[in-house]
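Listed below are the structures to be examined.
Same chain, two partners: chain A is paired with chain B first, then with chain C.
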Partner chain A sequence: MKLCVCIKQVPDIQAPFRIVDGRLQFDVERHVLNAYDASAVEGALQLVEQHGGTVEVVAIGPASVSETIRKALAMGAERAYHIEADPSGWDSATVATVLAAFFRDRSYDAIFTGKQAQDTDAGLTGTMLAERLGLPYVSNAVGLAYEDGRLIVTRQGDAGREIIELTLPGLVTISNDMNDPRIPSIRGIMQARRKPVEQLTLSDLGLSDDALRPQTRVTGYRPVPPRAPGRKLEGEPAEVVRELVRLLREEARVL
Partner chain B sequence: MGSFPFNPDDAFLFESMLKEEDRLIMETAREYAQSCLEPRALEGNQQGIFHMEIPREMGELGLLGVTIDPKYGGGGASYTAYGLIARELERVDSAYRSFMSVQSSLVMFPIEKYGTEEQKRKYLPKLATGELIGCFGLTEPDHGSDPGSMETTARRVDGGWVLNGTKAWITNAPIADIAVVWARAKEHPDDEGEIMGFILERDMPGLSTPETKNKMSLRASSTGEIVMEDVFVPDANVLPGVRGLRGPFSCLSNARYGIAWGTVGAAEDCYQRTRRYVMERTQFGYPLAAMQLIQTKLANMLTEITQMQLLAFRLGQLADEGRVTPAQISLAKRNNAGKALEIARMARDMHGANGIVGDYRVIHHMVNLESVNTYEGTYDIHGLILGREITGIQAFVPRGNDLPPKKKPAPATTR
Partner chain C sequence: MSTYLCYIPVQQERPTRAALEVLTHLRALAHRDGAQLAACVLHPEADRFVEALKPYGVNRVYLVKHPVLARHLNAPVLAALEAVFRAAQPALMALPSTEAVKDVLGALAARVGAAALPDVSAFDIGTSVTATRPVMAARVLADTETTVRPVLVSVRAGSYEARPAESPTEPDVVEVPFDFDTATLRATLREVVTGATGQVDLSEADIIVAAGRGVRDEAGKQLVEALARELGAAIGASRAAIEAGLFPASLQIGQTGKVVSPTLYIAVGISGAIQHIAGMAGSKVIVAINRDPDAPIFNIATYGIVGDLYQILPLLLEEIRRIKAES
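On to the complex of A and B.
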C-alpha cells in the first residue's frame, strides 16, 4: 500500500498571539506540525505496519517547513516532498490547486490529510483536493482498516458513527480523535536526516501565478468577545428549579 | 522593533536559537514528560515510588545516553539536546532528571570514555534501552565534598581486585544492575594507592545496596548505599582508561552540565504555575496579579529564568564545540540550581496556604531543589572551585589554621 499524507506547518498555539488593529501578531518562528495532520501520519503508519507499504508526506511552505517535514519523517514516513512557496495569503482552494498539481502525475493508493488545520480551522483543503482529483473521499475519519483492497473508514457523523467502504485510490481526512500520534524517538529524529526530501517549486508543478490567485481573503481578525458572566440562582432547590425552567422557557427560549 | 507579542515563557526567544534537530528532541522529551511522567509525579513523591516502567519508556524513546555513539545504542545527538531533555524531565520532577543524569552521565559516559571495547559492547546497548540500570559510587558517608580522602579500597588479588568500603547517597543504587564504583586501588597493601574505576554487577558476592529511608526530597528517586564486603571484581571489569580523581570528576562535570539545564525546567514550571495561580486567585476584590508586590516578584522570577536559559544555552554551545571547561560548568550549575531554589521558594510563598499542598506542585519542586543545590558539588563548593579559578589560590583546605594532631577521643566520663 502506498500512502501519502499532506502535512501543514502551523503556528504553535501554545505561544502567545494578539490582535492589533484587525491584524494577527504572533511569533513567526514558533511553528509545529498541525496536530490533525500528526494523527493522519499516525493513521497511515499504523496501516502500513499492519499491511505493508510505504508512507510519504508532502508539505507546502518556506524553508522553515523542513522542521515539520523532519518530524513526520522521524515518526516513520519514508520520503517527503517539500513544495517551496510562500503560502501566506493563500486560501484553501489555492492549497488544493497546488496539491492537485502535485498528485496529478503521481500514484498513491490513498491520500490522507488532517480534517482541518489548527491555524485556520477551515477544514476545506481535503475535500477540495478530492474534488480536483476526482477521488472518492471520506471526511472526519476516526477509524481505519484495510480489507480486500478497500479502506473501511469509520467516520464521526453528526448523529453517530458511520462505517464507509472506500474504493481506492481515495482520500480520507482524519480526525485527531482517531489516535494519539506517536512521539518520535531520538533515533527516529537522527535517522530522519538521511531520509530523502525532494524539493519542488511551483513552476516544477506547472503552476502559473494566475492559477494561484486566491478566491477568498481574510479581511481582518477580531478577538472572541468575552462571555457574559452567568447568573446564579439561589434558594430552596424546588424554587430554584422552577425559576430555572421559567428562565429557560421565557428568556433563553430553549424549552 | 518587532511587533511580536511578548512571550512570558521565553522572553528572549532562546528556543528559536536552537537547531532544528535539538528542537525536535526537545519536543519529544516534552511530550513524553508531560504525557507520561507528569501524571505519576505526585504519587511518586507522596508514596516514594520510582515507577519501574520509566527506564524502559525512556530507553524506547532514546532519552538515555543521548550523546553516546549510536554504534553502542546511544543517540549520537548534541550536548544541547542532552540539556534540553534534562530541562523537560526536571520540569516535572528533579527525581526523573536525576535518574536520567546518572544513567547517561555517570554510568554510560565513563564506560564509553574509559571502558574497553568489550565493556562498551556488553553494557552500553542495554543501558541505552533501560534493560540495565546503573549507579555511580563516589561519595562516602564521611567524604562528600572531599572525595579524594575516600576510604573504599581495592586490593590486588589474582585475576582481579577485592573491594571494601561503603558509598553513600547513591541515586539508583537499590534498583541498579551495575555500579561504576571508584576506589583507592593498591597493588600492595603498603601502597598509597590511586583511584580507579570498577564496574560492579548486582550478583557479585559481598555487594549490597540498602535503601536510604525517610528522604524528604527527591522522593520519586531511589537512593541508597553501595556496601562492599570483600567484593571480588575481575580484571575485565576495571575501567582501564583513567587513573586518579580526574575519572570521577569528568563524569561529574558531565552530570553537572545536565543539572545546569535541568534546573531551568524546574524554575520555569514554578514560575508558570505561579503566574496562572495569581491570575486566578482573588483577594481584596482583585486578582493577586494586580498587586504590585506580586508583579515585581513575577518580574524577578522571569528575569532570573531568562538568565538561566541563556546561560544554559551558551554552555550547550561551548559543550558542542568541545570547548566547555569545568569552571564554566561549576558557574552554571551553581547559579542555576541556586536560582531555581530561590524561585521555587518564592513560588511556594506566592501560593499562600495552597503552596503547601502537593497538587500545586511548587513545594514539590522546592524540596527537590534543596537536594539539587547540594548534590554534584554544593553551592559553596562550586563557589570555591570558581574562587580558585579566579585567584589561583585553593581555599578548600584552610591554611594557617593547622589543626592540632588528631588525638584519640577521650573516654566518656561521668560525674
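On to the complex of A and C.
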C-alpha cells in the first residue's frame, strides 16, 4: 500500500501571543506538526506495519517547515516532499490547488490529511482536494482498517459512528481521536536525517500566480471578548450548593 | 433578485434548531437587502418538512427526494446540494455547521466554484461576505472576507437565535430533479453505530451537564445522568471522559468534538484544557465543579464550586428536587 500524508506546520496554539494592529504576534515562534496530521501519520504507519507498503509525506511552506518534515520522517515516514512557498495569505482552496497539482501525476493508494488544522480549524483542505482529484473520501476518521483492497473507515458522525467502505484510490481526513501519535525514538530521529526530502517549487508544479489567488482572506485578528468575572463559592458543601441553586435562579435566571 | 439559500438538515422528524437559527439570521439579511429567502431539504420524503418552514418566512423551498438520502453519506449529499445550488443560483448559501455539513462543505465549494467560510460565529453580506471565525482554539477571532462569489458559509450552533417571522409565508415548492445511481458509489455505508446517548441532543440543549475525567466510574456517571434528567439537560463529555470509556464519542465537546453554546453549562470534573474550552466558552452561564481550586475551568466559570463531585452532585440533586417540589 502506498500512502501519502499531507502535513501542515502550525504555530503552537498554547504559546503566548499578542494582537498588535490586528495581527497575531507570538512572543517566541514555536512551530509544531499539526496534531491532526500527527494522527494521520500514525494511522498510515500502523496500516503499513500491518499490511506492508510505504508512507510518504508532503508539506507546503517556507524553509522552516523542514523541522516539521523531519518530525514525520522520525516517526517513520520514508520520504518527504517539501513544496517551498510562502503560504501566508493563502486559504484552504489555495492549499488544495497546490496539493492537487502535486498529486496529479503521482499515484498513491490513499491520501491522508488532518480533519482540520489546529490553528485555523478550517477543515476544508481535505475534501477540497478529494473533489479536485475526483477521489472518493471519508472525513473525520477515528478508525482505519484494510480489507480486500479497501479501507474500512470509521467516521465520527453527528449521532454515531459510521462504518464506511472506501474503494481505493481514496482520501481520508483524520481525527486526533483515532490514536495517540508515537513519540519519535532516538533511532528514528537519526534515521530521519538520511531520508530523502525532495524540494519542489510552485513552478515545478506548473502553477501560475493566477491559480493561487485565494477566495477568502483574513482582514484582522481580535481578542475574544472576556467573560464577566465569575465567583467561587466556598464553605460547607450543603450551604454552597444551596447558594449555587439560589444564584442560578435569582441572579442568572437560568433555572 | 438575488437569493439567499439555507440548508435545513432534519433530525427526529423536524428541522434542527441550528438550521432554524441560521435561517432566522438569513431572513433578516434578505429583508434588509430585498433578496429572496430560500431553504432546501434533502430527505426521501422531503415534502413533510415544508410546513415547519412556513413560520420562518421562507419564499421558496427546494426539495430533493431520494431513498439514498435517508442516511448521511457524502457523495449523494454532495450531489444533491450541488443540484439545489445550480437550481437556486444563490449569492450565498448558509449551512449549520454539523459533522455532516463539515463532511461536504469543502468538496461542495470546489465543485460549484464558491468561496467557503467554515464554522463562523457571525456573518454579513455587503460588497463581499464578511464573517467572524474563532481560531487558535477559539482564543482569537479572525475577521474574514471573501474575494469571489458565490459564497458558502457554515455557522456554529448557537450563533443566532431561532425566531419565527412576524407573519408566515406560503413558499413556492420546487422539487429538484435528482437521479442518483447508487451503483456508482465508491464509498458505501456499512452501518451506523450509535452509542446510548442522553434524551436531549447536544446542539438543541438549553442546559448541558458535561462530565470530565473526574467522573471516574459508573457511580459518577449515574450521578451525572441523574442531574441531567432532573434538569432536562443534555449530557456532554470531555475527551478524557470518553477515552475512559464512560461516554460515547458523539458527546465530545471541544475543538475536535462539538461546539455548543447553551444557556447553562455545568462542567463536572473537567480541568478546562483550551481544547475543551474551545467548544463551550460561548455558553451563557458556566458552572464548574472541581476539587482542584487552581483548575483553569474556574477562570471562565460564572460560578465555581471547589469540592468533590461525588459529594457535591448528590447535594445538588437533592436541592434541585426540593426547589421543584416547592414550586
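The rule is short, and it goes like this: the second predicted complex is superposed on the first by the 224 of 255 C-alpha atoms of A that agree within 3 Å, B and C clash if a C-alpha of one lies under 4 Å from a C-alpha of the other, contacts with A are read in each partner's own complex, and residues count from 1 in each chain.
Everything below uses one rule, namely that a contact is a pair of C-beta atoms (placed from the backbone, for glycine too) under 8 Å apart; a residue touches a chain by one contact, two chains touch by 3 or more.
Predicted model, so just to flag it, every value in this text is computed and none were measured.
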Most chain A residues touched (candidates chain B, chain C): C
Which superposed partner A:Pro136 touches (first chain B, second chain C, both, neither): second
Which of chain B and chain C A:Pro16 touches, first, second, both or neither: first
Which superposed partner A:Ala74 touches (first chain B, second chain C, both, neither): first
Touching partner for A:Ala63 - first (chain B), second (chain C), both, neither: neither
First (chain B), second (chain C), both or neither touched by A:Ile183: first
Doubly contacted chain A residues - partners chain C and chain B: 17
Chain A residues within the chain C interface of the complex: 11, 13-14, 17, 19, 22, 24, 92-93, 96, 115, 118-128, 130-132, 136-140, 142, 152, 155-167, 170, 175-177, 213-224, 227-228, 230-234, 237-238, 240-242, 244-245, 247-249, 252, 254-255
Of all residues in chain A, those that touch chain B in their complex: 15-18, 20, 25-30, 32, 66-67, 70-71, 74, 183-187, 189-190, 193
Chain A partner contacts - residues on chain B that touch it in the complex: 3-9, 13, 15-16, 20-21, 23-25, 27-28, 31-32, 35, 60-63, 66, 70, 75-77, 81
List of chain C residues in touch with chain A within their complex: 11, 72-75, 98-100, 102-107, 109-111, 114-119, 130, 133-148, 185-195, 197, 207, 231, 239, 242, 248-250, 252, 255-256, 263-264, 274, 281, 284-287, 293, 298, 300-307, 311-312, 315-316, 319-320, 323
